[in-house]
Amino acid sequence: MRRLVAALVSVGLLVAGCSESSTGSGGTPTGSSAPGTGVTGTVTVFAAASLTESFTRIGKDFEAANPGVKVTFNFAGSSALAQQITQGAPVDVFASAAPANMQQVADAVSPTAFARNKLEIAVPQGNPGKVAGLKDFADAGKKIALCAEQVPCGAAAKKVFTAAGITAAPDTLEQDVKAALTKVRLGEVDAALVYRTDVKAAGASVEGIEFPEADKAVNDYPIAALKKAPNAKGAKAFVDYVLSDKGKSVLADAGFAAA
Amino acid sequence: MPPVLVVPAVLGLAFLVVPLIGLLAKAPWSTLPQRLTSPEVLDALELSLVCATLATVLCVLMGVPLAWVLARGDIPGRGFIRALVTVPLVLPPVVGGAALLFALGRRGPVGQVLDDWFGVSLPFTTAGVVVAEAFVAMPFLVISVEGALRAADPRFEEAAATLGASRWYAFRRVTLPSVAPGVVAGTVLCWARALGEFGATITFAGNFPEKTTTMPLAVYLALETDPEAAIVLSVVLLAVSVAVLASLRERWIGG
Amino acid sequence: MTLDAHVRTGRGTFEADVPLLVQPGETVALLGPNGAGKTTVLRALAGLLPLRSGHIRLNTTWDEPPSTFVPPERRAVGVVFQDYLLFPHMPVLENVAFGLRARGVNREAARRAARAQLDAVDLTPYADARPRELSGGQAQRVALARALVTHPDLLLLDEPLSALDAGTRPRVRAELGRHLREFPGCAVLVTHDPLDAMVLADRLVVVEGGRITQSGEPAVIARKPATDYVAHLVGLNLLRGQADGTAVALDTGGTLIVAEPAAGPVHAAFPPTAISLHPERPSGSPRNTWEVAVAGMEQHAHTVRLHLDGAPSVVAEVTPAVIAELGLAPGTRVWAALKATEIQTYPRA
């Protein structure tokens, strides 16, 4: 049975290789993520919630480039993911929204920063609260959502406010960045501090306002294969793919800056 | 006792108790006293108890009459209405919270009216926590009270009517006392559900210490950075609810 | 103060159609088999079931579709339900005081009146007891006290003795009779027990299939039943025929010779004990004789009831000695004899 599957997979790889070379539209594959490297099976990736859109796309591209390989994702808050990994979840790759969470995972093999993100002010479409800049966050008359300090976007927000010398007057401290963004999208708050990528992903219902203090809290995203990865080859191939030009271009589209 | 019942019963009990033991085993007992008396824990606990109790009062005031209408009222589409009542049971609480935002939020049809006419805005307020908890917990009350009412003999209400009692008087002095155990059981369930409510609360009422951060929200956020604190909070929640439920059952339902 | 009712209502396709006139101080018993519509009439009088047509009047109009319907709580009625329906969570005194409290009487006055009413049914020591601590007879008396405490114009009793065991029944029945005689208003009693009806009521109304089939004084009905149901209740054989002098040609075949001459359609009634059985055709005194076959036998306390097929078919009651003597068993053919003087004949409508 296993032999049969292997045979089918190799036939599949051959066909894929042929079709790619015949159409000539695939571009030059880089590094070890090229087809025919023997990557098979399922690659399990735990990734920060803010990577949901970009990694889903990268995963699809990776699967297309490596026929027969399946990528499954678990998107959640970085700290929750780090905890699940230390509790023994069978994971191949971990992509965190903050180096701190990566450090909790002793098992990570040489984490590499692959993207950086910074905060942006998110306001509902049309900016009904007339929010102009960071100082409006001190206005108790405006409805403000921030992330709780316990989660990365909240920690980043705190740094920004400290740097700007502003005491924020939030109405709610959300449990993650998506929850904060939802409140903006529904118009329940006048503004929230979220990541650039989140504003971009939210589409037309949310408008982003950049502010200079954002540079005080730039957030590096590290990625690493795990020592106990059930699919070590797949893990390495996926990490290499994310770090490749193709991966970077997807991340740039999502609003990430290069690390 | 037949093993075919005892074995699954023991497994079932173990299934419920083992995670609890896991929690207790992980608890940092040595630092427990000072952690317990920290203002954050006490604030969250107080807020939780106050909100769950207010939500329960709200549920009783609206839910008991609703249960009565469902059990006794001669209304068309009763089955459909009963199904509607159970919606919050199956709805993921986060969706329930979002639905509350759609209706009662600043841009929701009801929320707009509340805001324009009365200057009342529910999201991000303690009142919002009560509303979210009541929304999720009310079905527990309605279902158990309705069950008790349907089991109660409606002829007692007829007897009261022939003795000159209006429907309200009969309800108050005859029906309600006869279903008291069901009402108490429903109230207790409702309170317990409200106390542990997380998803709808954080979605609708947000999270801000002393205003909307109830115990479950504090637990969730503590898990992000300080799992030990989360365990302490959970143990407190557990101890309080077990104490209250046990004492109420003892008194009203006879064990 | 007279109850003037024409009850036409029911459930689904069943409809009771019962006119009823009850004078103050009078007790009328609705007697009938299960499902005859007696309780339907009672519920309509209480206001628990609205009329479809007809009327109910007592001082004022209580129900007259489509214009008038007075709900039960605003009718001057008292109801004693079949299983009493005492409120289980209230002490006896509160149960009795309930009707007054519901009508706005203050607590003290209501309790005083309830105590007096309890005293009237000799249950003063049980004022603080819970209903479940009472015996059946006591519960019945509490139910009566509860119904009477508001001095209703109309007292309704639904099978008031059926929940009692045979031992306590006679005593409770006698006591209920006393209270009914003292009651100044109209009383309507529903029962399927002829003895209860005969003892408690001034007048019987027999209801079968939602219609009145016979009404009148208990003694008359007991002697002259008009339907098989009533005849069975009072333990008489009832036959129908055309009288011509002292000969009655029976509808089911056969002829009876009776003592009193009559003419036209008549009932002929006689007790089962009036039938005697013989191995051969008896001769002599003026009696009716005919051949019958034993169809069934039922053992009663000291007698055996025989169902006899013939022209006419009748029920006979004999001693076990007769069974042994004649060697009776289902299928046995014997001769029945009946004296003309034992037969009551009366015209039928």
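Just so it is clear, A, B and C label the chains in written order, and each chain counts residues from 1 on its own.
Please note the rule applied: a residue touches a chain if its C-beta (ideal position, glycine included) is under 8 Å from a C-beta of that chain, and two chains touch if they have at least 3 such contacts.
As the structure is a prediction and not an experimental result, all values here were calculated from the model.
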| item | value |
| --- | --- |
| Set of chains whose contacts include both chain C and chain B | none |
| Chain whose Cα mean lies nearest the overall Cα mean | B |
| Furthest chain, CA centroid comparison against chain C | A |
| Length of the line joining the C-alpha centres of chain B and chain C, rounded to whole Å | 55 |
| Centroid distance [mean C-alpha coordinates] between chain C and chain A, Å | 87 |
| Whole-Å gap between the CA centroids of chain A and chain B | 37 |
| Chain A residues counted as touching two or more neighbouring chains | none |
| Residues of chain C touching at least two other chains | none |
| Footprint of chain B on chain A - complex, ascending | 77, 79-80, 83, 143, 145, 148, 150-151, 170-175, 179, 182-183, 186-188 |
| Contacting residues of chain C [partner chain B, same complex] | 46-48, 71-75, 77-79, 81, 85, 87-90, 98-99, 101-103, 146-147, 150, 156 |
| Parts of chain B lying in touch with chain A, wherever the complex brings them together | 98, 101-102, 105-107, 123-124, 202-203, 205-209, 212-213, 217, 220-227 |
| Chain C-facing residues of chain B, complex | 153, 155-156, 158-166, 169-170, 173-174, 177-178, 180 |
